[in-house]
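Dropping the structure in here first, questions after.
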Amino acid sequence: MSEEIRIGVYVCHCGLNIAGVVNVKEVVEYAKTLPNVVVAKDYVFMCSAPGQAMIKEDIKEHKLNRVVVAACSPAMHEPTFRGVLGDAGLNPYLFEMANIREHCSWVHPDDKEAATEKAKELVRMAVAKARLLEPLEKIKSAVRPAVLVIGGGVAGLRATLDLVERGFDVYLVEKRSVLGGNAVKLGELAYTTLTGKDVVNSLVEKIKANPKAHIFLNSEVEKVDGSIGDFRVTVTRRLGEGKEEKIELNVGAIIVAIGYDPYEPAIGEYGYKTTDKVVTLFQLMDILSEEGPTKGELLIGGIRPKSLAFILCVGSLSTTPNAKPYCSRMCCSASLKTILKIKEKYPDIDVYVFYKDMRTYGKEEDLYWKAIENEVKFIRFDEAPSVKPRDKFVEVEAFDTTIQERIAIPVDAVVLANGMVPATDTEKIRIMLKIGCGADGFLKEAHLKLRPVEALTDGIFLAGVATGPKNIIESIASGSAAAAKAATIVTKEEIEVEPLIARVNEDMCSGCGICAALCPYEAITIEVKEDGKRISKVNSMLCKGCGTCAAACPSGAMQQSGFKDNQVMAQVVATFRGE
Amino acid sequence: MSRTVALLLKGEVSSILKSLGARNLYKCYQCGTCTAACPLSEEVTASFRKAVKYAQLGLEEKIAADPAPWLCYACGECSEMCPKDAKPTEILAALRRYSIIKYDWTGFSKRFYLSKTFELMSIAILSILTALIVYLFKGPVITERVDLSAFAQPTVAIANIIVFGVLSLILLINIYRMYKFTTSQSSSSGKLPVSTYIAEFIKIIPYHFLTQRLMARCRDGKYYYTIHLLLFYGYAVIFVHHILRHMLLPLISPTLHLNEVASSIVGISAFVALILGSSLAIYGRIKKSTIIWEYSHPTDWVFITLLWLTSITGLLTDIFKYSGLPLPTYVTFTVHLMFVVPLLVLEVPFAKWSHLAYRPFALYFNRLNEIKQLRYKT
Amino acid sequence: MKPVVVVGGGIAGIQAALDLADQGVKVYLVEKSPSIGGRMAQLDKTFPTLDCSSCILTPKMVAVDRHENIELLTYAEVKEVVGEPGNFKVKILKKPRYVDVDKCTGCGQCVMKCPVKVPNEFNLGMDMRKAIYIPFPQAVPLKATIDPEHCLYFTKGVCRVCERFCPPKAINFNQKPEEIELNVAAIIVATGFSLDDARKRGEYGYGKYPNVYTNLEFERLLSSTGPTKGEIVRRSDGRHPKKIAFIQCVCSRDELTNKYCSAICCMASTKEAILAKEHLPDVECTIFFMDVRAFGKGYQEFFERAKQEFGVRFVRARPAKIEEDPKTRNLIVYYEDTETSRFTKEEFDMVVLAVALRPILPESLVKSGLIQPDNYGFADVPEMYIEPVRASKPGIFVIGVLQSPKDIPDSVIQAGAAAMRAAIYAISG
Amino acid sequence: MSEKPKIALYWCASCGGCEEAVLDLAEKVLDLVNAVDIVFWPVAVDFKIEDVEKLPDKSITASLINGGIRLTEHEKVVKLLRQKSQYVIAYGACSAWGGIPGLANLYKREELLSRAYFEVPTVVNEEKVLPRTYKDEELGIEVEVPEVLPRLLPLDRVIEVDYYVPGCPPTPDVTWNAIQALLSGNLPPKGSVIGASSKALCDECPLNETKPDKLLIKEFKRITEFTPDPEKCLLAQGLPCLGPVTRGGCGALCIKANMPCTGCFGMLDNVSDYGAKALSFLASILDVEDEKEVERQVKEKIADLVGRLYRYTLPSSKLGGKVFKR
């Protein structure tokens, strides 16, 4: 409380990285003049062992209770120096860093004086804040060594199998009565004689043989409480005759693999459902399946077509008013793969492909080349083709941009390569798990590039097409990747969370609820107390310390530990007023 | 602006094109490298890529209307640069063959190009027929001196007139058909004054016909250009010489004769040029020494062989004639005729040699279209 | 529990190592160059979020360095692998840095004093580094390395200036190669890619015309840590370009070089065009493409943004050739716009070639048959539908561009997948 | 004299409502009068300034000062009161933060005088006379007219203030609470608000429980556009009610009259700029993707933005008022 504030300031040379531009000695001398600064020193590499030792000694000798290091970005070495404080018996959060490398020497190499002045200002700000720092403790929570997998498509199956093989209990919840999801409809896969069903079966067999796997078919997740390490889940299982059963689960992590729905064209979109000669790619794959209605025979509208037109980007790339703006990624390759299989079986068939942009990326380019060589004729459109069903045939017409002519082709049947849309359950799951989704309606990953299988909420992972279109191989890989992330949690007995999070001062909170609406991590709820008063509550396991709530809180009741209003204001004042 | 084109003849066009030499037609993915690589693109407006696309889709009307194949002189640059190894050079050659078929109203070209048996049979029949006619209608066989005119007259003269007339007529009709195809697919329907037709004709046809200038622009063009000129001028000189000597002069006055020595020098040197040109071409084709000669359609062989045989027998006839060997002269002459007749009757209106006429006319029609489009630009 | 070796310290290798280490598995991360980071460290920003590449990568690199379960073996190569899944013996050769890494503080004094200049591979030879060097400012570990091929002491037996000026006395010219043998449960290979040689498509004049660049070179031009400190200037005269052409599929989708599509170039070029516009608002950017492979999440939206918001011009054409105007050093691109069927010769003052990715297969594993190359030279994945990251031999995992051309998210996903599968071997090992 | 604590009350630039608010204590006024000695209260009791001047320093227990500092006279008197008082209480919004008269800081002094003395339609002032010190020939004295200061200032910009009592005016309960605190000597740290709540108005608002879990709205509405449902949180209905950012203690009087809170109790302890915080929270609850749309909503749907968000606090805000070039 009223203990005297004793601050040590340490200015790093970072070799020549800082000292080459900033006059380090001058900064040290300046730091000594700042109030509460007891000791100020410089060293060539503060992060090195001797640098760290120096700080530790000073903490003991000068009875320091705050430390400021002026060096590189805190992203680089803040954890290092916090460790130093901890080792010296000081709370690690009584530490503040001034970034005089990235912010001074690296950006102002040509103006040494100004860079030095700026370094002094940054140190002054850091000291001003350090004075107001408070000790904080890491937040810990026990972990349940089990994982919930929502969705029994290939991604969910792969994740389940990986985790049970890794030795964890996995609860696999599938809405339908069978496992496998959309993959079972894919028919024979490219470059192999395997079918989607074969892939599913090989995974399911291994899962069923493992006692750690607990499969709930005809089941849906009803409710999820808790947070990373300790989710409490209620699953409802339909038992037939309208009966239901509720199952309570307790897991440390959740994998969401709810897949996708094939885009369903509107009635009349490319003639869909106005004639039996127009089918979707998924319907065609079903027709071609050995277990399909025609036992694998190519029959569309009752006849064996002699000519087929494929229209790509159905439901994708904004081709029609109903279509989504994104690319569904797998339809080009899936169409060409199917065409090649058809050509193999019926070499005399004429195939026309109306496409907007051929996206056989990577090695799949091969499918495109093979299709061309098999005399599949490609018509490149910009505006969606028109499909006019006639008596005996269907006329597909489009403006081919490569010859700048309209082309009308009478064909026996039309196949619409329909894309993927978020599964119907996405919205429900999203709200239940408090995870985000993007403008495209798919679930949002924590970082598009580097954290593609993690949700913004800790402990929840995303696999397969739930986050966006993928082919079967990519979905399976993401299943394993999500399993790996889940494993990093459930291997631990206890997880620790940084204490730099938002906290509510209950004496000041009026329960207005503005913070709860804004929290991007769904970490804030409004609790109604016994006296009927509303109070905001932060779930410390969910809070990421982004500060949104603290910034918006109209009454100042919400404060961000480590970045409290008074701490930040002190820095602002120090910036402009000087000391 | 854009009309609807019905895609016709599924499969048939492409199989014809493949048998006409478009081996790698179904490799092209429409990148446009060929057009951009062509040294002639800077001079003429044509999209070779589009020609390939027409071929892939089997748009036969479009192919017949497209000047692009005729603007290509097969230098091979596009084939070398093509990232898909589609060999546009060969596709364009096949498209030229296909166009010849399309232009020919008699349907003869089609059979000639698509059936080797038909091709060889028609040559054989014509050769035998020629031999028979010579045998039946030959003049007196004078053995004390060489008197070819006595031996051949009046057979040759009559045949000359018939062949010249009929073939010219067929060729003209074909060129007219080519014109109709071109205009039918033109995107602008406006009309041009007759004066433009005439002015452009005068500007384009004689110049390009006589100089084959576009070919000189081809990369490494000099060598092929030389061979081409040897063949062209060899043929042209003999043709003119023959018409002068056997048709025009006798028609004007039976007493008019060319100077025998000058005539013989002209004739012999033209034959030598033809022999040299065709030998080099045959050698090149056997060796497949460049992209141009990598692929030879059967009709290419027939043409070049007939030309070579015609030239050799023509030269031999002259040599025997000037050496004063009557019988060898008559026999060689007969054999010469047995090659000349099929060469002229088959190749000029129905097959490869028609390109002599189609190329400059394609340029001409293309130019007319360009003018039309400029004038009626929307 | 047995450890796992991860070969290759690019983003895929880094992610695999972290995902394993976070599961409590001991990981050896082997990187042949002096620092981890790989190709991603060379990129300026990443599509489609336009995140600064090193800003998102550096924390991961630091995390690897700091992780108690990860042992970083940089400047080291795998020499030999024998064994079976769950029990591989891996011989690793640690090349001598001639710098004691325990003493070196990365202060850079030695680098300043070293008199020998060598083309800087991090900036693709567009500027110079010293014979003793730290590859880039955010290098992990931040330690100097002597390049014996160019060091005067090793080539001529003289100099030793670095030794004299090194404050912690870390230079050690007597260091010897060191061999380490490890017994591991599984091996994850993420050795990445290099660009194919753009000279194979000679018609584009790379290496002949100074103002023709590869896309990776252009990334370095964009980067503030690059040879021009983020200025886009022409090699020939140091001037800002006014018109830049980006040519796609150079040595990709090409019968003569590589038949496959390199998957990332369309988006990378789109991003580079946007960044060029951000650097030089008046610059005109044209992308010559055949098909825009905007297949990933947010990619199509990014492509549309490039067109609408940034005014990047997209022309569907594969240029046939480039000629240089010898006076201005400008470049004349020959192409047919396939959407108008017009042949055009257009002048640009800079051309950027999107060159194909070629996998770098680790010789030692190919030799022993643990990894088999596929038709294109990428690492084969025989069971791609069930185990999408497993190499020819079980227990060996191939991820990232080594396996097929792919973007960062897909590489990261594969890294996670490999970490999962390898961990199963590790715990039962 | 008596042992009762001495109290002074003074009125600066205010509407006078605060003076009445003291009387609104009703019968409690008598308790007050019993408990204290009033030594200065110009509006009610006939003391002169000289009487105060005669008092020893710090002899007044507390001075309750309402109104902002607008005139030189205000400055002079409050400085005197400061000298004579143990506690100075800024009583009411004007005194605490400037209040409604503080909105005059959006204009130059000259503009204000010109408006008041020349331009107002009911004023006839052909000679363009402005108040000024003059010599009264009849009385033979110099009549001193106080000068108008360039800006209106909250009390604490002129003298040190010990406690604040918020409200426009403070409600009787608040006033009574404050007085009791003063008299009992049970006082919070200096600089605190006394008499009111430490939480925002929502805490005591009867409609708080009707708030949705996520308080997000698609658009702002003006009260002229519709009749709000009296059973439902006004903010949730789109009215820019300032309850969340305003100190409670008033008993949600306006809300009970189906009117949104206008913010007369000012900001809470951790907030340093009322209007900025208000703007921040209002913009935050707009569930609109496009930033431009947020700007449009705030500009167009919240009429008189400064007048609304800084109605009581402009002079005390970080902005202080409009900045004029000299």
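To keep things simple, chains are lettered A, B, C and D as they appear, and every chain counts its residues starting from 1.
The criterion applied here is as follows: a residue touches a chain if its C-beta (ideal position, glycine included) is under 8 Å from a C-beta of that chain, and two chains touch if they have at least 3 such contacts.
Note that the coordinates shown come from a computational prediction; the quantities given were computed from them, not determined experimentally.
Across all inter-chain contacts, the pair with the most C-beta pairs is A-C. Averaged Cα coordinates give chain C a centre that lies 65 Å from the centre of chain D.
With centres taken as mean Cα positions, chain B sits 67 Å from chain A. Between chain A and chain D, the centres computed from C-alpha atoms are 50 Å apart. One simple way to say how far apart two chains are is to compare their mean CA positions; for chain B and chain C this gives 56 Å. Residue positions of chain C touching 2 or more other chains: 253, 316, 338, 341.
Contact of a single residue of chain B with at least two other chains is seen at positions 27, 29-30, 49-50, 84. Pairwise chain contacts in this structure: A-B, A-C, A-D, B-C.
Across the interface of their complex, chain A is touched by residues 198-203, 208-209, 211-216, 243-245, 248, 268-272, 277-278, 280-281, 284-285 of chain D.
Interface residues of chain A, counted against chain D in their complex, comprise 505, 507-514, 516-518, 525-526, 528, 532-534, 551-557, 559, 565-566, 569.
Those residues of chain B whose C-beta lies close enough to touch chain A in the complex are 2-7, 10-11, 14, 26-30, 49-50, 53-54, 56-58, 62, 84.
Residues of chain C that touch chain A in their complex: 11, 15, 19-20, 22-24, 46, 48-49, 51, 56-60, 62, 66, 105-109, 112, 137, 167, 253, 259-263, 291-301, 304, 316, 338-341, 374, 376, 378, 384-386, 388-389, 404-406, 408-410, 412-421, 423-424, 427. Against chain C, the residues of chain B that register as touching in their complex are 27, 29-38, 41-42, 45, 47, 49-50, 81-85.
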